[in-house]
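The structures considered in this document are given below.
What follows is a pair of complexes built around chain A, which joins chain B in one and chain C in the other.
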Partner chain A sequence: MGLDSDLGLRASDLEFQGSPATLLEGRICYALDAKELERLLNNYPAKVKKNRKQHILIKDSERQQIEANTRTIPGIITNRGCAFAGCKGVVLGPIKDMVHIVHGPVGCAFYSWGTRRNKAKAADPKKNFLNYCFSTDMQESDIVFGGEKKLAKMIDEVVEVFKPEAITISATCPVGLIGDDLSAVAKAAEQKHGVKVLSFNCEGYKGVSQSAGHHIANNGLMERVIGQGEMNEASAKYAINILGEYNIGGDGWEIERVLDEIGYHVIAVMTGDGSYEELKNAHVAELNLVQCHRSINYIAGMLETKYGTPWLKVNFIGIQNTIDSLRNMALYFGDEALINKTEEVIAREAARIEPVMEQYRKMCAGKTAFCFVGGSRGHHYQGLFAELGIETVLAGYEFAHRDDYEGREVLPGIKPDADSKNIPELHVSPDEKFFSLKIPAERAEQLKQQIPLSNYRGLIPDMKDGSVIVDDLNHFETEELIRIFKPDIFASGIKDKYVVQKMGIPAKQLHSYDYSGPYAGFNGAVKFAEDVSAAFNTPTWNFITPPWKNKPLLTGTVHNA
Partner chain B sequence: MEKQTLSYRSVTENPCKMCMPMGGILAFKGVERSMVLLHGSQGCSTYMRRHIAEHFNEPIDVGSSSLNEKGTIYGGEKNLRQGLDNLIKVYNPSLIGVLTTCLAETIGEDIDRVASAYLQERGQEEFPIVTVSSPGYGGSEFEGYWMTLTRIVTKLAQKVEKHNKVNIIVPFISPADIRELKRILQLMKIEYTLLPDFSDTLDQPFARPYKRIPDGGTKLRDIARMSGAPGTIQLGVCVAEGISPGKYLEDTFGVPLYNLPIPMGIENTDRLVNVLQEFSGRATPKSLLQERGRLLDAMIDSHKYNFQGRSVIFGEPELVYAVTKTCLENGVFPVVVSSGSKNAKLPELLKAQLEQVPQQMHFLNGGDFAGILAKSEGANIAIGSSEGKYLSEKAGMPLVRIGFPIHDRVGGQRLLSVGYTGTAMFLDRITNTLLEHKLANYRHNVYEKFYPGTKTVTEG
Partner chain C sequence: MLDCTPQEIKERSGGKINPAKTCQPVGAMYAALGIHNCLPHSHGSQGCCSYHRMHLTRHFRDPIMASTSSFTEGACVFGGGANLKTAIKNVFAIYNPDIMAVHTTCLTETIGDDIPSILSSAEIPPGKLVIHANTPSYVGSHITGFANMTKGMVNYLAESSGEPKREQVNIIPGFLNPGDMREIKRLVRKMGIKLIMFPDTSGVVDSPMTGEYKMYPNGGATVEDIRDSGNSRLTLALGTFASADPANQLERKCKVPALTLKTPIGVKATDELLLALRNKFAREIPAELEEERGQLVDIMTDTHFHFHGKKVGIFGDPDVVIGLTEFVLSLGMQPVHVLTGTPGGAFEREVSAMLQEAGVKGRVKAEGDLFELHQYLKNEPVDLLLGTTYGKYIAKAEDIPLVRIGFPVLDRSVHSYLPVVGYKGAMRIIEMISNALLDRADRDASDEDFELVM
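== the complex of A and B ==
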């Protein structure tokens, strides 16, 4: 098999026989038809049926609209979390040198303690607080009389014991309701201790999902941290920030390994293995990479307005996606030496891993997957699945917005509703000191024709006709759709993992990677292939009848590219 | 014994407890065909499901009323009603538990009124919706668990004829522990109602087809008849009277209450067996006596190793008491005993016991891991949930996992620790951990002792 431009891995080259979801002329057959969908939805009360129908699409060639980022239906077993989870759990939590205080009763702090597997290593181990959990542990009396004093006292203790560079305070539900003034406490503490203290009003009830919390965290970091550093310009060429990479299972480290070798200079990562000290100088980067569009596009957009730095949508999951992202980055800088080095690294890395991938491909080819994750991975992993010969027949996001499905071109048409209006919009303007257009406007326009510069096309365009797209998939639908599609693997999170496995289908956690990883970049692709192949081939399944048993695997041939 | 509550600190650094609704969910999971709805932000439900699923490796379906900003202003009644509608339509449960959260309690939701109005409008007054007021700031998962059990019994128990089924009310032990208790009850030929019975619901066998609501759980009609039992054996010596289902049954229906500790260790298990013998009126079966003999034999076999153990014991009060008793019986003397939540009964219960400890001993009533670590000098084994790994990381202390949550190892649901046999297995886990740790560091330690500071021996 060749290693040319696309590694010769077109899923449409493959022929399948007798599987429940089959490919024919690039379209998925025996998929969900409108009638079957109607039958499924009839299990709901009428109002719920009407609502859910707008969140489920059967992909066809027409331009399609999906409903997303709307209120969760009560009593539906959703996988969505809350604003606090998005703010403290996702965006702030991975910043290693800040102490993250949870102001509220103990539960929220406990439940968000080390659960996301965002890895970090600090040069000074005393300045890595990721293994700690700090809570004001509010009691009934604090709810009645207010918790500000307790919080202020707690900050005093934390500063004394841990001496952090900076502190965040994240609010839980009761805090906003009883009217504790977090920003006043933070301000007083800053004056007292000379340490940056950021407060986030990310009460769980804000917005409709964790997405609200991402936005709140983005605003806070943009307003109080980014651009506060002393640097005027980067100390090396090709300075970039990596946005929306949370270093789950070491993903960020694998990406940085490749970027370092090519010659990029990573200023700051937001926020996996990220640090307050680095974030402060994020304004000097020449380009911002956006991995998870959903959770960080706010900062990406604001960096462009405020500092003149465009962002590039990248996807480091999957070999071809990684290669494309690297090539797009090189094209942006337009430097021949950089382009050549990029190609050299790509050729070497691809040649190194391709024979290994080929072995795994033999074990995986012809299988089908569901891919339902968060706000970007539901899209990102499809390419990697395809490279293993696994067709994604259903995909979706927990908490994404319409632009993550349909592309940013729909943004002007999305009307803000009551819930999104509750999240303050931060309006920034060009920075007097640091604004500079990183590339001429004309060249930016030209590049936009070639690469996803300050643009994201969304998940839908990459999915095959006949495949299904579901927003905010719940347990009931999971179960029903598994019965219809009989996928060979379900990529999702821990809450639905066991529903799927009880149905005799292996599940792959793509939030925490089942204690594995990294899955990003070249080495990550191999690790993922290994884990997925293991899921199919463990003798465990010999004792039950999995869906692919008694059914022929790949029967066609894989063409040379 | 030195007692400390750490009240001078405002920071809770690495907590050793969770919040009330968590305990409530776990209690409801032991009731036949039940579903739970958390009234509040959906994050509460999602976070708790995540933790429970990770411990049990089981699907944990818990609904949420998904309250948002609008609900905080206009009240959450509409969401709660919708949530109930959808749970009933999709899951068709036999009982729904509604637990409140910080949010619902802070805005003053009257879930009792909403639930009864909801049922009345549908002409379904008979359908059991059990409401529990369980704000996160109202207590830990321990109080949430027991309060929920009391609410379940209060809601369902009716005046019935006397019968011969003994009530067995269990704390949050493992499904394997519950199965072991049932085996002992069977051996002793005792008819019983065990509440809550999550031995199957939270540890389902693989079977087809997949069932949305798993089989198992205490039957509703059995709970209704707990009022006619000849007695209640409640494994809850640390439970306050206001949230004690056994006390409720005694006060309301005159069912005599035998409040016993978790049967871990010789003495605690003897106490249970003696009470069961009273109920059965038969001699203890020989096989059980043999199990007791084997435990004694195991204790003798391991005593030299165990006596070198100095323990740090932490977690829910009820489990902490049982583990402490077992450690004391075997010379694994505690250096720190810490209950995650403040408990009024534990200090009294431990007082007499801990006077036998030969060395300095710290008791923390409501301690966090930072507080535990600060007092743990001289300890060489930690016993409790996965969060104790903090002690391993910081102080190199090996951790024997028991309780909840266990998320960095598999098999929390299969850990057997009660009864004579369970105690022997628990003790073996302690002994083997001590041995493993000792052997792994033996050469190094001996070298250091004889040639201090000369060089480091790296091999094992």
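== the complex of A and C ==
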């Protein structure tokens, strides 16, 4: 199947001079053209071809539209997960001082227990529940007669042992089907125990991917937690929230190290190392930073409407991206001392790590990468790859929407479909008590010309012409595109990793960082460079072909008679 | 670490805290990978397939391929027939396996999708096969799912030719690593007996690095072999929980006598496996295997003072835990807490009988969780914990060495390649236990008590 085998050749039989994807005047050459893409798609049944064609772009200078956030066709080996994974796994799970109960058969709780590397530390270790996993472990009788009683019992037991301030309940597939009323159970438990109990109807079949679950979690946190605190204003200057930062491998801690030094006052992080106590007062921040746009933009937008706090799209992955983000933040506050301190920290940090980065750059320069991750990282990591001299020739997201590719300007034109309509929209209005415009409207408009204030331009504008953008990349396309591009490194997740490495190509997990990190900020850039260089340079690649392969078994000389 | 866990044990009935089991479908997916050229298919939401592939990949550090019916809300309302039929069509057109093994999920069981009737109207290309197993996540555990999918193989594939049974043995190995499956095959072959092992994930999830990716690696039981299992003289089911059901089904369907043995962990259970083969096939135990056994017993005796009297907590999957319990008893250790997450009174009866025979007072629990195991340990501490990676939180909290055996092991490597079964596997377990205990003794020793020779 595919291009190469049509010709009876394996990619490795073709004579490439170095990498097949080479740069010519800023455009990526060879790789994939429309004709070759068509050949690839021709391997699909007609309906699949028609569908997948809309999810793949070869970047050119024209404005291009990509299909995203639509159903994966059954049978296609996708990397996507479900709404439960997005809700409990991604957004709620990292909140350390809430007990997260999963209502359902045991699996969903089990798989989302400790597998995502969202680190957290609490001053009082009894207020950090992240090493615990709570499942109502529904049995057949619960499916038949309903699971509400068992859930209520579990809440009773959890309150008695763990004494949390707040609890979340996340629904799994059968819960919605049998009609357990989670919000009624939650309400009754709140009255009984005097603790906050939030319920989330994030059954796995909702929406088309994790993304539905992000939205459901955003709504719940906004409705029941954020703004419930007593604070009227922040206790220090430059008060910010960090949204869409999950502290994977300690990313959030590296970002906070830099922000603290510059003088920012972090109110709440959503949600890596986040806490219920902090989230309640998130309304007092003067600015919301948005790292992962996909998973948290709903809260960002609602905070702006309800409390008058704008959000700034940041990207703390990569040195220049970190620097730009810090400068944009300083510009927002517009305080000279802050600007100066920002520049001082940037200068020092950059000078400190540059010589180290240079060493790694020598090992990485001239290589190419595929970067297919999540709903933001497929974009975020391109700058860091580029700083190491690695060109991203293919990128895409697993569960993003069109705005993550094309920018938020396309939002008004996206029509809701049957799947997105199933996810409730939460509409908020200015809060009577806490609403205040954090900066004058005129200044906000002015800033929007300079910085991504309450805006995200998406991935496409940052990619070179000739590069390829694929939404919901699947296993077949992964194999074929690797054969065509022969990238030097493939950044993706655990399900692809060993597929790619079996081909002799290093694979870097950018969901779990291969159990390393942090990769964010200045120190994170160095750690990433170190890990990527090791992946290229490990001597193990040299042993793939046994020394006896292609060698004659017997050698000898012919004597003249 | 785990600072909220109190010592005082109270009865709980609301669910599991830190479960020691997971759901049926992941076991079904793993079993299906043990068929050559097979693509497991998860009939449910995408998340199930994704989670199972993630977990299996992390345990084996090898590609785990499977497809999904990608349910949406509409499919829940109208039934998953259309999704499954589309999936079957696309899987054969795009990924071209010889066989698809469909398992259900809690979603599709709850809405009552009737898989056989969906399959009967699906477009399955000529020469291709689709089998299925019902694996409701709210019954049993991943071990049940493994058994159910293996039973599905029997239901769909095994055939009896009606001729006299042949001199070959079927081995249903249970939910073990490929390294264990290879070792069991080696033992049986050394006995000079032809065998059919199914499922057989060796060569599938421990495939070699060659520079070329094969979506369907060389390993796995072939459909022909599973078909032919109906003509064997005997089926050995290794482990009651994962293997007895399919073996009994094969007996019913093809009149192949089924014999259920323990997972061959340790000297006694390995002896029993070889004895069964010897008796049923009238083959002498070869000198080479007797030598291995002698070496194992030599090691056990020479190092008994490393283990004897030490208290152990064991948890994990029932068949593996039963084998481990028996073996540590053979080493003179005291398994004072033995727990599985999988439901089953048979587990409690079997382990309790072993402890009673050995005169060890221990607590045995089926359908337990790691929260209560931790509480047991707080009340009666142990010197060693044997179990999966999930024990590491307890091990750290209580400062107990943990030896990782079973599924899943997510934080160490090589475990899936090397056996814990057979005499060689027993030696390996001794080495692991020994290293853990002695490393701890070295770490804790004062300078004056620090020994060169131990």
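Methods note: the second predicted complex is superposed on the first by the 525 of 561 C-alpha atoms of A that agree within 3 Å, B and C clash if a C-alpha of one lies under 4 Å from a C-alpha of the other, contacts with A are read in each partner's own complex, and residues count from 1 in each chain.
Going forward, contacts are C-beta pairs under 8 Å (C-beta built on N, C-alpha and C of every residue); 3 or more make two chains touch, one makes a residue touch a chain.
All figures in this text were calculated on a predicted structure; none of them were measured in a lab.
Novice: Look at where chain B and chain C land on chain A after superposing the complexes, then choose clash or fit.
Specialist: clash
Novice: In the superposed arrangement, which partner chain does A:Phe434 touch: chain B (first), chain C (second), both, or neither?
Specialist: In the superposition, A:Phe434 touches no partner, neither chain B nor chain C.
Novice: Just chain B (first), just chain C (second), both, or neither: which does A:Phe536 touch?
Specialist: Neither partner.
Novice: For A:Gly104, decide between first (touching chain B), second (touching chain C), both and neither.
Specialist: Both partners.
Novice: According to the stated criteria, A:Phe129 is in contact with first (chain B), second (chain C), both, or neither; which is it?
Specialist: second
Novice: List the residues of chain A that touch chain B in one complex and chain C in the other.
Specialist: Correct list for chain A: 43-45, 48, 71-85, 104-113, 115, 131-140, 142-143, 150-151, 153-154, 156-158, 172-174, 176-178, 203-210, 418-419, 422, 475-476, 479, 493-495, 497-499, 502-504, 544.
Novice: Once bound in the complex, which stretches of chain B touch chain A?
Specialist: Per the stated touch rule, the residues are 9-15, 17-19, 21-22, 37, 40-44, 46-51, 53-54, 57-72, 79-80, 82-87, 89-90, 101-103, 106-107, 135-138, 140, 204, 206, 208, 210, 212, 387, 390, 393.
Novice: Which part of chain A faces chain B closely enough to touch in the complex?
Specialist: It comes out as residues 43-45, 48, 71-85, 104-113, 115, 131-140, 142-143, 150-151, 153-154, 156-158, 172-174, 176-178, 203-210, 418-419, 422, 475-476, 479, 493-499, 502-504, 544.
Novice: Residue numbers of chain C touching chain A in their complex, please.
Specialist: Residue positions touching the partner: 1-6, 10, 12-19, 21-23, 25-26, 41, 44-48, 50-55, 57-58, 61-76, 83-84, 86-91, 93-96, 105-107, 109-111, 136-139, 141, 207, 209-215, 341, 371, 393.
Novice: If we count contacts the way the header does, which residues on chain A are in touch with chain C in the complex?
Specialist: These residues of chain A touch chain C: 1, 10, 12, 43-45, 48, 71-85, 101, 104-113, 115, 125-126, 128-129, 131-140, 142-143, 150-158, 160-162, 172-174, 176-178, 203-210, 418-419, 422, 475-476, 479, 493-495, 497-504, 544-545.
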